[in-house]
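Got a structure for you, written out below as structure tokens; questions coming shortly.
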């Protein structure tokens, strides 16, 4: 899928930084549309979702192809996606930004969790959202949506490049979600972006501390005054960062 | 209003199933647009709202007909709706999918609760939402909206067929809400749909348990493998379902 | 900026009334669009935000003017706004109703709080929203938005008249937010509106109590029956209102 | 329906003025939302549509009530509306601002024309729009929409107060359309508004002529300079206005 | 691609009927979402576009993959689509319902025409629309859009199932466009639907003639009165239909 | 206002190229959002609008500040904008992307034309659009809008940086409109972009001719095959381009 598998140390780094920081790191590289727009966690988890993307694409449902009997087909792409998404991956669904019907429900998402999925994202909505919210796996959507996915969505293809919330998602891209939102990092950039974001986070943590102590942001954020860089150097030593 | 009053045992059954399950039961019958789109509970209640629909219809407000003095009229349709909605009914408001101004506020909704209302739904928004959220009666809307309803809405008619969140609502239809969303069941289908949903829920509860124990969904959900039906038969006995 | 500074006693009164009540008081005066549409508190605070408006205006970002290096400029309007917003004021941002990129993040908003800001409102979204939610200063937005503001927004002007969520905001207008929403009171009306809202709130509190005890709203809300005004007079005495 | 039938001379006056001028005349009277938003003529007619409103209300279609067989029912409200709309009236349809399916097609609209209808307006869309555009009766909609109305719309009620394009429409209100848009004049105001609009139009025609000859608008539009009123008096005489 | 190639006689039939009539024929078969929503012809052609679908799918553009240099790649999917779309086919583009940037421009669409394309449809917009409008090949879009497609769209895949304007489109489906809109007929239904639509059109033409002569629609449309069927039989003979 | 006045020869060049070509030239320079989204000419003029931007900014109307009497004030910013926009300039209005009420009407736009204005653009709508369409000056908007601008818009500031249709517009930027849409060229880039666009247009005209004669676009557009550059060189000579 990709020549850039996610290294454990990169994954660990991406677990400690915010989506906002990652968005800035990608902005520096000219990538401005990697945040998945208008999705939110079903419940705040307090820690990050991190994993490579495994994708599912929906098209508008044609009624004759989307009766309940379709689910009896073991080859139905939605079910196959759930059963073949590799452990540690994030399942990302292109639901055409519509929550008029569901992208999936609690049974499938529980199965994904049991199989070791790192999380799930749709730019539509989940049914049984109140149950999915309680699972030990992060999930992001636009809003709860109770109608079965057959009502408006046909699962058509697995692991193709897709759009999700107006962000481009290629299989194997690294997906990171925090309690605010979700970002998609091109696989080949994950390592350098993770490194840079860890550095940025150290500085931001230092800045927040300074600001909480009354410092002005001028000259501090960003660090245009030499003295702030010196203070930061000391802070890093003192805080083992 | 309807020849299909809600039986207590049907009401009880509808209290135990999810809107998602009911949506699938209606989908089987060719009804695909019965979920009220884009409304949410002001606060999760942990149990279902169930009751026949009593409706209120708004039209865009014409300024000369919608000054504060109108509320002094004891025949104002909004107030009449609150005072005549039968106990056990759900008041459903067609606010033209706009939360630019309120559909109602905490005084009226408290009165509705005191009169025995089973709940309230608008495809607009409530003012004093922070107070309505604390009431012992479920309420659903799109988002909080503080301007008085006179600003954009004129209450014009009571207990007519309406649209609410793009769902058709006929007086007497059975309205069910859970912590995710709200669905409208045509009155004549309520009993059979309730029965079927209880059966579906038993199977879904069994499936979730299987999946939590590591089962694949293929052949299980839906049950295309004989063995799963056998397991389910045993599970029902063991669990008194 | 305005000839109508906010008096401490007016501020105190505005702290005790709801945005809904204020919206009705302004509606009586012919002002129907003063509620900022589609913003919500990042976290409920349980008490009101009150302060005069200090404004920041964004225009769509032109890429050559909005690289990260811009933030090194001590004169960048976004940073200047944070560092010059007077203590006790509410910073109101015109983000063109778009949360595609952030209006600001936790470092700047923490700084605003440390400088004595009374609160912050944007009709876009904040990044680091999960952190801003925990601050001791109220903040309102449309939804979390992680991309840096440079992505789509250029901070262009400070303390001009702006639109925010389709409401007109003039510097010095009095901004009040509760756990539902935010309203903008023209400065010259703040005192009389505060007085009237306190009176209205007394009556509404009385009404809620009556309704909770089983009273009908007809003749009570509004008070078209003499007896209710008498009851209210007694209630005020008994409750020191 | 209304105590204010449309007098022939009022109708004649309304035929000579623009919707823009009428909107200003209603604005003076505090009515700000009488223009039907986002509708346009299927073809420019070069003269005004004028007539009292006869209304048809749609609700979202429930599939079991909206099969093609319904059209065989002579009492189907859509067909009844076409066959009972009085000659000289404008049929105004509340299609819930959705053109996902049609409000009507060329056969019905041709029949309406043959029966003497003054015009037709929907805030949805017409099918066979290319044919309706060629009829000798004005028609206004949002955009062409080919699916049969049964797909999403159920005609439910005739001659009730409705909303159309966010404007309130009461049966008997006077509807005026020009090549730009459509406005709804409350029946009791039609006469005085028509008179005033004719006066305003005379002045506007004078102003346009002055401006085409190089005059500034300051002092002229509106007429704050005495000399312009004098010029206008002469112009009226010279032009028999 | 499909086992149901478009027969010349079916194509001829589909050339004589309206999209509205075809929509009703599909509605009878339970297919309610086959009209491509919110697209319109760049110029009315006065005759139908008919051909099997050849599809192109766009995803949101990632900046590093969408620089102008990409167009130098002879394998760029947009250009390959233009150069491989079979003669007689309609190129249908999934542009994610966004006209923020172009789907294609006049050079590519002219090339498509020269290669024998039957037409082109996008749910986004064309650049150089004023030129494409003058071509001898029908084109449909949402609105003109001048930015190069690289700005927001990456052409990613050819001849996959896609969504276009919320309609499902499978390669080989038969696409028909008239001066109002565009519909997608599943390939296996094209023949029977064409036959039925020709019959329906004959009756509709008869009805329009009757209505123009003063007939009521009750009993005529649909034909619930025997006498109308008799009249129609005569009319067919007289008109060779 | 700007240090880069529009030279007559640059203006002439910009009159001969399309907005699409200019958009590509700006895209090469990293500017991707300079096309004003969702505006269209009131009538096609067949030639380009070109001129520096003079801006007018609207905020949401507060009712007490926006009564008809305001127009009697000779200092009302809307009227001042019309009377002070320099000859040859394009008046660009930030109407907050709303056509709920007008940005201006035919009297003011006629006056602008008489004063030598090069054109007018709003991201809202014009009233009297049917008359403005006939003027000898190009005008662009979203759709006709008959309500007076006071209904929702207050003209607040002249010649500030604004947003218009999500494009940034700085006073003095060069605005170019064709029959498709409108683009904003930063003043300092106008000359080089004009030069480049003229070159690009020559090549595009050559390409269209080749394609009309049956050439493939591969290797031709863009010119990756040497032979096409040679052909182009001959074509230029032959055609004096």
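Should a chain be cited, it is by its letter among A, B, C, D, E and F, assigned in written order, with residues numbered from 1 in that chain.
Here is the rule we go by: a contact is a pair of C-beta atoms (placed from the backbone, for glycine too) under 8 Å apart; a residue touches a chain by one contact, two chains touch by 3 or more.
All of these numbers come straight from a predicted model, not from anything done at the bench.
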Contact-graph separation of subunit B and subunit F, given in steps at minimum: 2
Separation of subunit F from subunit C in steps, with touching chains one step apart: 1
Mutual neighbours - chains that touch subunit C and subunit D alike: B, F
Copies subunit F and subunit E - interface residue numbers shared by over half, same or different: different
Cα-centroid distance, subunit A relative to subunit D, in whole angstrom: 50
Where subunit B and subunit D are represented by their mean Cα positions, the distance between them in whole Å: 37
Rounded Å distance, subunit D centre to subunit E centre (Cα mean): 32
For subunit E, residues contacting two or more additional chains: 32
Touching pairs among all chains present in the structure: A-B, A-C, A-E, B-C, B-D, C-F, D-E, D-F, E-F
For the subunit D and subunit E complex, residues of the former touching the latter: 68, 71-72, 74, 79, 82-83, 99-100, 102, 105-108, 110-111, 114, 127-130, 143-148, 150-151
Of subunit B, residues touching subunit D in the complex: 29-34, 59-65, 96, 154, 156-157, 160-163, 166-169, 186
Subunit F - residues contacting subunit E, complex: 18-20, 22-24, 27-28, 32, 35, 37-38, 40, 44, 178-181, 183, 204, 207-208, 211-212, 214, 216-219, 221-222, 224
